[in-house]
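For reference, the structures are reproduced in the following blocks.
Note that subunit A is present in both complexes that follow, paired respectively with subunit B and with subunit C.
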Partner chain A sequence: MQPTTVYTRDRCVTGIHGLDEILRGGIPYGSTVLAAGTCGSGKTTLGMEFLVRGALAGEACAHFTATEPSVKLLENIRQYAFFDMNMVDSGLINVFDMDVLYSWLGLDKASFELDDVHALIKAIVDIVNTIGVTRLVIDSVTTLCYKIKSEQLIRDFLFTLGKKLATLGCTTILISEITSATENAHWSSFGVEEAIADGIIVMGDSERMGHLLRFLQVVKMRGTSHSRAKHAIELTPLGVMLTPMLKWGASADKTSRWGQ
Partner chain B sequence: MAKKMTFDSEDEEFFGNVGSFGVPKFDNEMRGGVPRGFTMIAFTETGSGSELFAKQFTSPAEESDNTLYVATDEGQQEIVRIFKKYGWPLDINVRTIGEEYNANVLERELLASRYRLEGFQLDDIQRLAQTRFVEDNNQDYLTEVTNEIMGLGPYFRAVVDNLDFFLQRDDPARVLSMVRMLQAHAQLVRGLLLISVSTDGLDPTIKQELSSIADMVLSFRVRTIGTDFENSMVVSKFRNAPENLKILVFRVTPEEGITPETVERIA
Partner chain C sequence: MSMFELDQRIAEQLTQVALNSAVQVRVGTANSFMVTASTMIPLMQMFEMGGVYISASRGAVEIIQAFEAIGVDVSHIQFIDLVSSGILGGTDVSYSNVHFVDSPIMLESILLRTLYVLRTMDSQRNFVFLDSVNALAIYNDDRMLAEYLHTFINTFRQREVLTVILNVPDQTPPLVLSNLDTYCTDIVDRGQVVIL
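So, the complex of A and B:
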């Protein structure tokens, strides 16, 4: 019997230490990945490093910040050695302040209607298309969706945006804020983001011997096999480092703890 | 305790107890003019000549730097043209809120519509990526105008033409409290304040409220008589001098602007 040719999708190599191994080579191109995490779990750093690695490889990158002002984001991220402000100044990484974008589009209001949502999608897609963005981070989709009052509109927004970005070959990370990253938790604030995303990466904290360890777990990734194990994250000056978490490490897993 | 003002005796002599309407024949009809400290509310009809009257009211400009004309509908150029035409002083303070609003808000809205309709161009995107702060366009014109008038000193002369701009964009209760503050200020410093508001679509309760705040209520009307228009100014409230209530018919002449009719019509 002849061996069959296995088709594999082209990957967007994240460049993040350990993540590409988990994803067996990277995120399939054009995917929309939900990076859901609790506060302080490293979502923004992960998103920014994803862009920096892309920019270093010559890709056009864009970051939309809705959670914090772009000035503050850049000030915070500058402390990492992997980040170089010249990438922003030279236009390799384009950082867009959502408040500025809202203002330019006349969307500086409390809630968005259907027309507003379409205007926002058109603007983001326009930007991606015009400058040929291949890596995009929206930080966070939770803050952005707070302005969209209906669940149906949120679903339409994310679905249409994801579809259009995929058509343009743009790999997107949608950062989502969640309050808990336990097994029973939702991976998104509105419950619709996780259904629409091609991939879900969960980030949270796990208590271990009195310390809070950051962890990352790839729950879902369409188009590739991947590890579903929890990995410890270390936010080092050189970037995000992922190492496998040993099963006995979690405090919840008391029965298998070392020595018991 | 009520605030007390002291006035320079020379000023008292110079300014007197009344100020001119800017229309000498109106002054004659109204026993010398408008008592100092009065706030006049002018309810206006379209085409009644109230805009011209508002400008003419500033023309005596006893102190030009203490005279303010706030226009919400007209631009600087048009105002200057009218002042030049009638030879009224050009050195008074003029604020054109309508123009400012157009520049700050409407142009921005137009640009937003363009972005929404046509999308971003490359240079737009580059500018967007370099813009870190949202421009503060939420200008509070009501507070600004109030502060500007409150900042005028004794014997000021000010006109707000007209209040519709604020009533359409702000909470009417806020606008009314602004008018109350301005009335109190005019009374305190013996200023003369004229505020016009059009009657088209004006809420009767707001009209009632404005009438009760004002020291003098004027109504500018226009009607047709045969093939002619007849403009009139009705003085329907004159605080503490009801004997001054009058109907003054006027016409507009190229030389004098608002000019009362001297011949009474029978029909």
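So, the complex of A and C:
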């Protein structure tokens, strides 16, 4: 009997301590991954480190910021030793303000219609294509989708964007803001992002006797086997660090909800 | 240092341990610092090791000053202080080699912070000194602490970082103590002070 050849997809090695181990080598290339987390759970830092590790490997990266101005984002991220402003200056990491992009596209309006959504997709895809971006972060897709009023339109937007970026070989992290990261929670604000994404990484806080412990859990990742265990994380100057959460420490998690 | 008498047999015993060893150091309530110094000083001076000292029993500054009082420089040792964040103003210290974790309950954070500090160190051979299991037992459930020590010891053994775990056995829950006996490769037993 001949051994079966196991097909494995090429990986985008995140370079984040522990995460590639959880993902058995990294995110499958071209995937759209939803990084869903509560406030202060480390989503932006994770997204930025994902880009920095790519830039260090010579990849062109892009960050679309909708939650805070790029100047403020860069000021906050400069405290981390893993970040080097030269990566921005040299064009390896390209940071775009969504507000500026909206102005360029004439989308200074409260809500987007079908044509507006298509114009936005085209603009993002054009930027990715022109620069040759292989790693992209949109922070946050929640803020962006607030302007898209119909659930169907949000679904179309994310599906079309993900498909086009995958065709270009771009691995994308869509940051999603959620208010609770418990087992019964939705991993997205609009309920459609989680169905469309190839992968879901949940980030939140576990309360242990009055202290908040950050955690990360990969709940879905198409194209690879992966650990589904909760991992404790620390945001260190060298980047995000992970270790499996203590099993006997998890009993308190069941009752803990962010904000309670 | 002449007034302070070290237990030289500990240094002799330490010559037998490998980098991937886990040494349980049993102390009594009265001899804790003498045994700590008798363990730390050979590691720093004889074996020229770098190290991380995790202080759960007392604030790091108190430990640093205790070493300074016997003429031992510990400025190249990094301290992870689990006590002082619980005291208002406790983290306002002048030593640059002190790091803080909010509470001894944040066990995973302690492990990750230790790994982070080790990544920043230049020394080739390092130790991690955990002071102490009985102090961690004040805050943590027995099963969780036993699980943690299992993870803690194996994490550093895998990385060839010498683990030294201080423990007052009389103040440690039996489950934790028996697990510690199983996971540790060596024991320095100064847990009972015999008064003649």
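Operating definition for what follows: the second predicted complex is superposed on the first by the 250 of 260 C-alpha atoms of A that agree within 3 Å, B and C clash if a C-alpha of one lies under 4 Å from a C-alpha of the other, contacts with A are read in each partner's own complex, and residues count from 1 in each chain.
The criterion applied here is as follows: a contact is a pair of C-beta atoms (placed from the backbone, for glycine too) under 8 Å apart; a residue touches a chain by one contact, two chains touch by 3 or more.
Remember, predicted model here, so these are calculated numbers, not experimental data.
Chemist: Based on the shared subunit A superposition, would you classify subunit B and subunit C as clashing or fitting together?
Modeler: fit
Chemist: Taking the superposition as given, does A:126 touch the first partner, subunit B, the second, subunit C, both, or neither?
Modeler: Once the two structures are laid over each other on A, A:126 reaches subunit B alone.
Chemist: With the two complexes superposed on chain A, say which partner A:213 touches: subunit B (first), subunit C (second), both, or neither.
Modeler: The answer is second: A:213 touches subunit C but not subunit B.
Chemist: Going by the contact rule set out at the top, does A:58 touch subunit B (first), subunit C (second), both, or neither?
Modeler: In the superposition, A:58 contacts neither subunit B nor subunit C.
Chemist: Mind telling me which of the two, subunit B or subunit C, contacts the most residues of subunit A?
Modeler: Subunit A has more residues touched by B than by the other partner.
Chemist: Once the structures are superposed on A, label A:103 by its partner contacts, choosing first (subunit B), second (subunit C), both or neither.
Modeler: Only subunit B; A:103 stays clear of subunit C.
Chemist: Which partner chains sit in contact with A:91 here, subunit B, subunit C, both or neither? Use first/second/both/neither.
Modeler: The answer is first: A:91 touches subunit B but not subunit C.
Chemist: Identify the partner contact of A:245: answer first if only subunit B is touched, second if only subunit C is, both if each is, neither if none is.
Modeler: Only subunit C is touched by A:245; subunit B is not.
Chemist: After the superposition on chain A, what is the angle at the C-alpha centre of subunit A formed with the C-alpha centres of subunit B and subunit C, rounded to the nearest 10 degrees?
Modeler: Superposed on A, the angle at subunit A reads 130 degrees.
Chemist: After the superposition, what is the least C-alpha distance between subunit B and subunit C in whole angstrom?
Modeler: Across the overlay, subunit B reaches subunit C at a minimum of 33 Å between C-alpha atoms.
Chemist: If I apply the document's touch criterion, which positions on subunit A are contacted by subunit B in one structure and by subunit C in the other?
Modeler: none
Chemist: In their shared complex, at which residues does subunit A touch subunit B?
Modeler: Those in contact with subunit B are residues 69-71, 91, 94-97, 99-108, 119, 122-123, 126-127, 130-131.
Chemist: Can you list the residues on subunit C that touch subunit A in the complex?
Modeler: Contacts found on subunit C: 102-103, 105-109, 111-113, 115-116, 119-120, 139, 141, 143-144, 147-148, 151, 155.
Chemist: Subunit C touches which residues of subunit A in the complex?
Modeler: Touch list, subunit A to subunit C: 208-209, 211, 213, 232-234, 236-238, 241-249.
Chemist: In their complex, what parts of subunit B are in touch with subunit A?
Modeler: 108-109, 111-113, 115-116, 119-122, 125-126, 128-129, 131-135, 137
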